[in-house]
Structures are given as C-alpha cells and as structure tokens.
Amino acid sequence: MRGNSFGKMFSLTSFGESHGPAMGVVLDGVPSGLKFSLDDLQSELDRRAPGKIAGTTSRIENDVAEILSGIFEGQTLGTPIAVIIRNTNQKSSDYDKIKNDHRPGHADRTVEMKYGIRDHRGGGRASGRETVARVVAGYFAGLIIPKVEVKAFVSCLGPFEFKVIPKDIYENFAPYSFPDTSKNEEIKNYLEDLQKNGESIGGRVRIVVDHCPVGLGEPAFDKLKADFAKALLSIGAVVSFSYGLGEEMAVTLGSEVSKTLSSFGGMEGGISNGDRMLMTITFKPTSTVGEKAKEGRHDPCIIPRAIPVVEAMVKVVLADHYLRQNAYSIK
Amino acid sequence: MRGNSFGKMFSLTSFGESHGPAMGVVLDGVPSGLKFSLDDLQSELDRRAPGKIAGTTSRIENDVAEILSGIFEGQTLGTPIAVIIRNTNQKSSDYDKIKNDHRPGHADRTVEMKYGIRDHRGGGRASGRETVARVVAGYFAGLIIPKVEVKAFVSCLGPFEFKVIPKDIYENFAPYSFPDTSKNEEIKNYLEDLQKNGESIGGRVRIVVDHCPVGLGEPAFDKLKADFAKALLSIGAVVSFSYGLGEEMAVTLGSEVSKTLSSFGGMEGGISNGDRMLMTITFKPTSTVGEKAKEGRHDPCIIPRAIPVVEAMVKVVLADHYLRQNAYSIK
Amino acid sequence: MRGNSFGKMFSLTSFGESHGPAMGVVLDGVPSGLKFSLDDLQSELDRRAPGKIAGTTSRIENDVAEILSGIFEGQTLGTPIAVIIRNTNQKSSDYDKIKNDHRPGHADRTVEMKYGIRDHRGGGRASGRETVARVVAGYFAGLIIPKVEVKAFVSCLGPFEFKVIPKDIYENFAPYSFPDTSKNEEIKNYLEDLQKNGESIGGRVRIVVDHCPVGLGEPAFDKLKADFAKALLSIGAVVSFSYGLGEEMAVTLGSEVSKTLSSFGGMEGGISNGDRMLMTITFKPTSTVGEKAKEGRHDPCIIPRAIPVVEAMVKVVLADHYLRQNAYSIK
Amino acid sequence: MRGNSFGKMFSLTSFGESHGPAMGVVLDGVPSGLKFSLDDLQSELDRRAPGKIAGTTSRIENDVAEILSGIFEGQTLGTPIAVIIRNTNQKSSDYDKIKNDHRPGHADRTVEMKYGIRDHRGGGRASGRETVARVVAGYFAGLIIPKVEVKAFVSCLGPFEFKVIPKDIYENFAPYSFPDTSKNEEIKNYLEDLQKNGESIGGRVRIVVDHCPVGLGEPAFDKLKADFAKALLSIGAVVSFSYGLGEEMAVTLGSEVSKTLSSFGGMEGGISNGDRMLMTITFKPTSTVGEKAKEGRHDPCIIPRAIPVVEAMVKVVLADHYLRQNAYSIK
C-alpha cells in the first residue's frame, strides 16, 4: 500500500534505494511455461544503462540481472520471479556534500517531509535507478504478449523536433532514439554544451503500439488510457500524458475528429479497438543544474535512456489487461 | 477487478447503466462521525445536471440522491455508504434506431467487441451518466479533507481561451465555468450554433488545489501525479493530463524550470510539497455529431457539466492519499 | 479497505445496516453473456429467510431482490451487478430499550469502541441480515462455475449429531438441513424448549464440494483452504474451520493419514486435486439469551438459516479462483 | 494476484523455491523511523532453523538474512524492505530420485497439474522453506505493534497434551515449545522412534495474544478472526483453526457461553475487545513417511519449528489491522 506495486493480474513489486545494496523487483502473475532468456533480459537492461550514450552520464553502472526465483531450466515456473541488480558504483563520499541540498523539482525535500528520514546519499527510492525494476518487468510482460509491438521514440529534445510518426518506426534510432539520425552529431554537440554550462533539457516521447488485441481495458476506472497515464506518470520526470490527437482535441471540431479513427489513438471508451495506438508524454529537464551538473555524473537529458523504461511500462499495462480480459473468457 | 472500483483506503465502487434502473456508488473507508448533509450532496449533483446550462443538453434528468446505508442521525457510521440515483428519463424507444450505430470515439463498438453483448439503449456503463457516482464520491471525499480547496475551471472552450490562473479563483464562473464571464453571451451563441450544425467541440480544464497537506503521494507507482492522471483519464472524454509547466517542460531549460517552484505544480517526486497544485486536462469533442446531434439530446460541449466531476475525482485521490499517509503516522 | 469487499477477479462489495433503508451488494467480475433468472435468485434468498422454519425466528422479512444494474434482457452484461433488498420490517421502537445493551459475544460493544458511533437500532453491519448480500453473490458465483456442486448440511445441532457424510447428499433435508430427517420432530421440540427458556445453541456444519476442477488455489497465501477459512470465518457466528480429517490430524500417524486421499479434503498444497472436498465449521450459540430471547424475535439456533450463506461463500471462493486460474491459461 | 502477497497496509510479498538461489520477502508499509536490529531479526530466523532440535531434521540450513533495501543507519526508511536468505544447502542430486514421486497430502501432484511444470528438486514454493519469508515479516510486524505480545505453544504433539493455558505463558519452553518441559525427554524419545519407523505425527498449537488494542478488525469480510484464519491456514500443514471455545461452542448453551468473555477469544463481532486472545490450530503429520522419512532429512514432527512462523503470521495480521484502524483515526 506504500505504492511500490503496480498491476493486478501481472504485478511488479519494486524495491531498492540507489545507494543501498541492490535494486530489485518481484513479478507475480507470470504464467508458467514461458521461455526465458537471460541474455534478452540483460539486453533490455543494457539499453537503459548510462555511460554508453555520448552526452549522457559518464558513470558506468554495471546493471547485472541476478535471478533469484521463478525460473527453472529456462522456463517460467508460474511462481514469483525475483530479480536483483546490485548497486556497485555508489561512492557515498561523493554525495555527502549534498546531504542538505534539496534539488528543486526532485523528491529530496518532499521525501524528507513525508518520512522524517531520508537516505541522503542519493535519490533513494526517487532515484532514476528505480527504473531498472520496470525494465525487468517489461521484459517479462513482453513474454506474455509476444505479438504486441511497443515502440517509443524521442519526438522532441529541446530544439530538435520530429513531428510525424516515422514510416520505419521499428528501425533502431540509436543512440538518441531520435528518428532523424542525421541530426545525431548536432544533438551530441548540443548535449555536451548543456553539460559544460551546468544546464539540462527535457523533451517529448511518442509511443506506438501495434497489433494490440481488441477489447483490452475496463470501463469506468481501469480504462486502458487511464492505466497508461498512471503507468507513465509514475516515471519520475514525466509531466504530461496524452493519446491520439491529445491537446489539439480542445480546438478541433467533433466532425473533424470523427473523420479518422486515428484521432482516438487506438482506444475508444478506454478499450483497445485493434488500431495502432499512439501516446505522447513530456519529460521535464533533469533536476540537477548548476555547478553540480558540471561535475558530469548527471545526464543533461535523460530521455534517450528513458526509452526502454517507457516501453516497459506500456508493456506492463498491456500484459496485465491481457490476463484480466483472458480471465473472463469462459466458455 | 472489472475496473469499477477506485481508491484504496477511501474507495468508490460505481455501478449502473444509463438506461437501467439506477446509477449508484458504494463508498468504503469513510471515517465515522463526519457530519453529513443531504442538501450539500444534492447541490453537488445539481451542478452536474444537464438542462440547466444554455447550450447544453435539454434533457431534464432528475438526479435525486437516495442514501441506502452508512448514515445515521446525520453522521457517517464508518460503514459503507451506498447512494443510488434512479434513471427516470430513459425513453428507450428514442434509442432503438441507434442500436447498430457506433459513434466513432465512443465505446459503442469496443464494448460490443469486448463483451459480445451491450445495452444498446444508450451508452451503458460508458455513458456520461456514470459520473454521478463520482460526484457523490467527491462529496464524501470532501468531508475527509475539509480544509483542502479544489477548484476547476474552463481554460479553453474551442476558440475561447483564458490563459492565466484567475486571481478570484474561488468565484462562481457560472454557467460555463469560464473565468471571463463577460464572454458568457458569446459562448452561449457559439454553443447554440454548434448544435444547429450538428457539431461539437472540446476544451481544456485547469485544476487548482490549495491547502493540500505536505507529504501526500507515494514514491514509485502511486505518486500523486500518477494517481491524478489515472483518476482524470478515467473520465470518458479526457484525452490529456499535465501538471505544472506541462508540455512546455519539453522546451524549457532546467535552470529556468528550477527558478520557480510553481513549475512543479505543487508536487516534487510525486509527493505534495504544500504549494498550490496546478493541473490541466483536455476534453475531446462530444462523439455525437451530424443529424443525431441536431436532435438536441446531446451536449455540443460537455465541459461545463464536467467541472464537478473533475473536482470530485481530484478530491477522491486526495482523500485516499490523506488516509494512507495517516495510517503510517504512528507514535 | 474497510473490509466490505471480498474476492479478487469475482468480487462482492456488501453494504447496509439491518435497520437502514436497504441491504445490498455490488458484484464485479461476472463474465458477460450468462443467463440470469430472477426466480432462481429469489429462491436462494427465500432459503435463508426467517419465519419459515419452526423453532426459528418468527419475524417475517420480505427479502425481495431488486436488480439495479448489470442485467439486460435476461443476461449478464459483464458490468457490475447491483442488487438491493429493502429492510421492510424494522420496528425501531422495539430496539430502543437495548440501546445501551451490549450482548456478550456480539459486536455491539466493540463496534461502539471502534467507531465511537453505532446504529443502536439493531446489529447494524454486524446483523445477520448482512448475509443476504452473500446469498446474492453465491447465486452469481454459481453461474460462473455451473458444474461444481456445493452442499452444506448440519452435522451437529446441540445434542443432535450426524457423524458421516450421507450417501444421498444432494437430497433436501428441510427444514433443519439435518440429514436424519426422522429427527425433525425432536429437533423442533428441542428448539421450542430453548426459546421458552431464553436459551440458545450452536452447532456444526459440514460442506461437501463435488466436481471442482483441478488446480484451483494459489500457493503461499491464497491457498484454497486459506480462502475458504477466511470466507467462512467472516460469517458472524462461525468460530472454527477445518478440512479433511481436521482436528483429528493432531493425533493420527502420517502413515494412516496418507492411506486415503480423502484425509486431505480434496486439497493438497492448498490446491484442489479434483477429489471431493470436505470442510467443517462450528457455529456458536446466538448471542441473545435470557428475557430478550424469550420475546421470540431471535432464533435460538441460526444454523438451519445459515446453510445457504455457507454454500454461497464457498461458491464465491471457487468462482474467484476459477477466474484467476483461467486468467493464466494462455496459449 | 498469484497469491504471493499478504496484507494491505502492511504487506509482505514472498518469493523463492526451496532449491532455487534464494528465498526472500519484500515488506511494504513499514512506517519510517523504526529501530532495526539485524541481530534480533537473525534470532527469529534461528528459532525456525532445523537441526537444532533433537528429533527434528538434521539438515543444517544457514538461514542468514541479507537486507537489500529499506534500512538506513539502523532505521526503517519507510521504503520497501527486501530481505533474502540464500539457499546454501540444496544438494539437488539427493532429490533426483523423487522427481516423479508425489507425496500424498503434499503439493507435488497438484502443482504439476496446475502449472504443467514443477521444480522437482524439492517442494519448490510449497516447501516449508517458504516460511522464512513469514518469519522475517513477523519481525517487522513486531516493530509496528511493539506492545502487543504474541505467544504460541504446542498444546498437543501426538500423545502429549497440555490442556490449559500455562500461567507462565511467556516462559521459554524450548526445545519443543511444550509447556510441561518435564516431558522433554519423553518427547525426544518419541520423535526419535517415529523417525526410525519412517513415521510422522501432527499436533496442535495454541496462540495467546495479550495487550492487543481495542477496535482492530473490520466488520463484514475482514473480521480479525477471518484474517487470522486465512493467515494461519496459509501455512502449509495447518488443517484447522478455531478461537475462543472453538468446536466446543457447538454443544454449549448460549447462557453458558455468555457467562465469561474469554469464551470469545478476545474478539466480538470480529473486532478485538481488549481481552486476551486465544486461538488454536491443528497441524497434520509431515507428508514424507516410509523409507524416505527414515533417511533423516525430514522432520517426523514440524510443529516445534513452526512456532515462530505461527507467531509471525499472527503479528502480520495485527500490524496490518493496526495501520488500517490508524488510517481512519482523523481529527
């Protein structure tokens, strides 16, 4: 009830502080008999890892997944799957000077007000490191809905903008997940300049879901759009969610909107209609700015690293709703 | 698990189809000994009722709250509070012609695909009538957090826009909830024209929360922003949610954002910081357009009527988190 | 979270005080397209009704089920099903004298201590009337698992005891649910004597489940036996639960126990194994004794009336676990 | 939803198979600022460990608790607390011969039927090793309700019986938890004989709770007695639960029962009344009998080792209900 679990039939329970011994996650509700590959899971974690993208943080975090339960001879057992990732790189001394330093927009101050105690060595639970748990969950969610394709890409990174859905949506837009890869050099320079100046920037991510089964999502409170919104807003830096036409809907006539189903982003009445889904979220700039940001342990822009986290949360929602809908298919 | 309940320590379970015998709600987790006023509850329902706002639907719905349990001698008992509102105005014959008529963007088609059966006489569970349950819940949520003020207003209604937070935020902006009431005549004419043309329009609603206690919201998945997003996106026509600077965050430098706490909309790390909260949501235009819309039983713009629903959902989230936080305050 | 809901995929939320306007229940998670019969539902309620069994309470309660939602043209819609039963017979004046009268073993005193307020006109939520909600839920649970047969009977009623499982288990043992119906006259005289003397008695109920699918029940905390125990102990007067050999297991050697599968009451490791299930529960005597009991509004023995409630709770657990298991059967 | 979590405001999520890398538990809802002692936690685990009690299994399991999160500088952070215990002693080869060997009354067969796959090296999730998670949870539950005293003792171990509540209830009755410690030598001989003969025995455990606050437990489904029953029946070998007078209630007149409050075991209407609580549970004999049992890796009687598990589950229920009741105490 402290909010560290998400999902109903497929649920993840996340734990770990950034500077404690380990991050981890327990996945309950993974059906038995699904084929598991540690390599595939590790690949997902590697996509999120820092230090690999120019202009993002230079810390090397060794995010090595260790399976503690729920897997036997390469298959899921149907029992809870626990995965931990050791925190190997925490140099606590680096953080002592920020003990009483509360970054605006970050949880430092509110966590202290809420609990009366805080692991001041880092972000604690509010650290971006918590998202490794989500990436692990996304991998297992993917095993439940193997035919559904979920792809996120950066549509806006400060001054760089990509306004349409790329045709080659399933291409690899590494390292920035920006579809116009001819801009990669420019983006790199831009991010390096930000870092030199102790500055940070946010951006926007669009999410495309193809081949989602019809009928997922529950009327009233657990509409698919509502659960997507919650899942994505539960990511630290996300400040907005929209689907389909989004904010433009406010100024578009009903007749216009109704002309094309894609206006509705693949959901009608909060239930998937089988069409391509489309969602957009906004990330705020990293909270660490100024002198501390210049030290180079913080990303001036976290969005490229957040892409696998975003995809994971969308998969988690879909896998959960898939099992829920399946429960009621009795004959 | 069919998604008709919301909230954990303070929960509402909603039921009823628009053309069945009654709509209703069961509220569990209302503390005992709170003073109850049927008049106050009825006033909240009346704010939502159609037929009272020029340019909105002319159907008269008699939304009379009937208390079935949980109240005794003007006080809450601490037991579940059940409230029903009879559906008195359903003329099923009017709806027969739309039996196989699936409005784009509405749940008609997806509900049928999901369940294989649908109460075709109206929107069923997907009808806007379902929101009476939420308004009732909002009233009781307000009893739990009496000092918190929640105010929603229309910031955009098609071409009409109000870009700032009005100073006199707690004024009554009836009937359109648009703060520049000098525009009321213009809005009335605009809405009447829409209706004549079988057209509809959406808009934007901003939500202000004052005097929220510090420390509400749970790190990881039940961040306050995440629960607000879910609560608001669970309202039928809502297509976007943002808080603080919202989508602008994508193109604002970190140093700018950090200059003023209001950028963060009263939440840091997903936890309330005691500042004024600010959220914005977008409503899509009503799904009924064309000839059916001209018949006059449908609102060309539902936003003014949605205001009490929006306020109710925000209060529900706050009351739930208030009780959750209270649970852990042991000494 | 106030404990008025039970079940996960198939859940019931119960409401109502014995002397308020109505009792009721909301059922969420009933699959769509199941055939509904109001007559069948009403029959279940009539089995529980007082005033029909000699030696049980003479109050006539008109427990008429009113469907508020979730049913359309004789079928379930897949939406929440709300059913209310009006409280027509409450003569509050009769109860005024017991305002400060706390019956030992009854909730009167503890409810007052817990909430600081109580509907003193009757048992409030703690009244046996609350169980009408469970009987309604049991009816719908039965629609989900139509092939599973659940039968409860009285194995002990004070001095009357029936030690084996009757061969003709699915016979009607009306009115006392005691399999040796040749004792009915004796039981009637015994109960009438108890009432004359302001006395009450408890008893034991055995539950037989046939044709339960294999594989229901979840390892760890939601073992089938654990959920049965919770469901049955949640009935007001129940003070013990056992399954299979029960308390005898304490003094039986392992080799003996293992000789016959029926020792385990149809469950191994908390999971149904397809064999006949067998459970036993104990009811304490009615709390009202002495002068008040002589007035004749209270049953000297509630067990015969509790039989449909017991069967209902067992069905609720089975329907819930059936849907849960079904959720994970993906191909 | 796979049943590996228990509790609402204070919840434990358990994971691990007996022959996988580790057992573990995540505790969510532990308030912040509570003093933590690794030594105290380890002591609780040691009470459960095998190999220390003559006549119980001779395997040495090194149950060393490793804290992964939620503790900082000797205090709880209010974040989820993850604890793992490595499985160091699993010699898989020993178990190969029992791959297709299904012990009656054990989960071997039903787990295989349910999931279609099983970790045949041992009991998997159904192993008694799973209970280490519960003992860890019990330790933290105790931090939440430090004034409540929970004591379990063996009231029946095959032919040995102790019929009353001992006056010196908080004494240490090691090693068998049987209050008449003058029988220890006899019990030892009895258990050794059982083992020689490949035989096993069950027993009964009584649980005493003192100083429980008034008002815990929720009417309707989450009555304290119902949650105790579920918690205790979720322990593998437990086959019955009763409280207060228990099964005797069936044959005791209402006037007798009402004479003394202790008849009701400290609960009225499912709510704690402040009196001493009294519950009794039955354990079935260990499932492993015959030649395999003679090999000496299995306990002929698990009850002495189960005592800390029983106490833990009772504390978990009480801590959860304590926080729930606290949530609703608003002023």
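Here the chain labels run A, B, C and D in written order, and each chain numbers its own residues starting at 1.
The definition used in the following text is that a contact is a pair of C-beta atoms (placed from the backbone, for glycine too) under 8 Å apart; a residue touches a chain by one contact, two chains touch by 3 or more.
In this text the structure is predicted, and so the values were computed from the model without any measurement.
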Chains touching both chain C and chain D: A, B
Per Cα centroids, the chain farthest from chain A: C
Where chain A and chain C are represented by their mean Cα positions, the distance between them in whole Å: 46
CA centroid of chain A to CA centroid of chain B, Å: 28
Chain B-chain C separation of Cα centroids, rounded to whole Å: 38
Interface hub residues of chain C, defined as touching at least two other chains: 1-2, 4-5, 8-9, 14, 29, 32, 78-79, 114, 124-125, 219, 324, 327-328
Graph class of chain-chain contacts, one of line, ring, star, complete, other: complete
Chain D partner contacts - residues on chain B that touch it in the complex: 8-9, 29, 31-32, 78-79, 144, 219, 322-324, 326-330
Chain C to chain B touching residues, read off their complex: 1-2, 4-5, 8-11, 13-17, 20-24, 26, 28-29, 32-33, 66-72, 75, 77-82, 84, 114-119, 124-125
Chain B residues touching chain A - in the complex, by the definition given at the top: 1-6, 8-9, 14, 103-111, 113-114, 124-126, 130, 156, 158-159, 198-204, 214-215, 217-223, 225-234, 236, 239-247, 249-255, 257-258, 261, 263-265, 267-274, 282-290, 293, 300, 324-325, 327-328
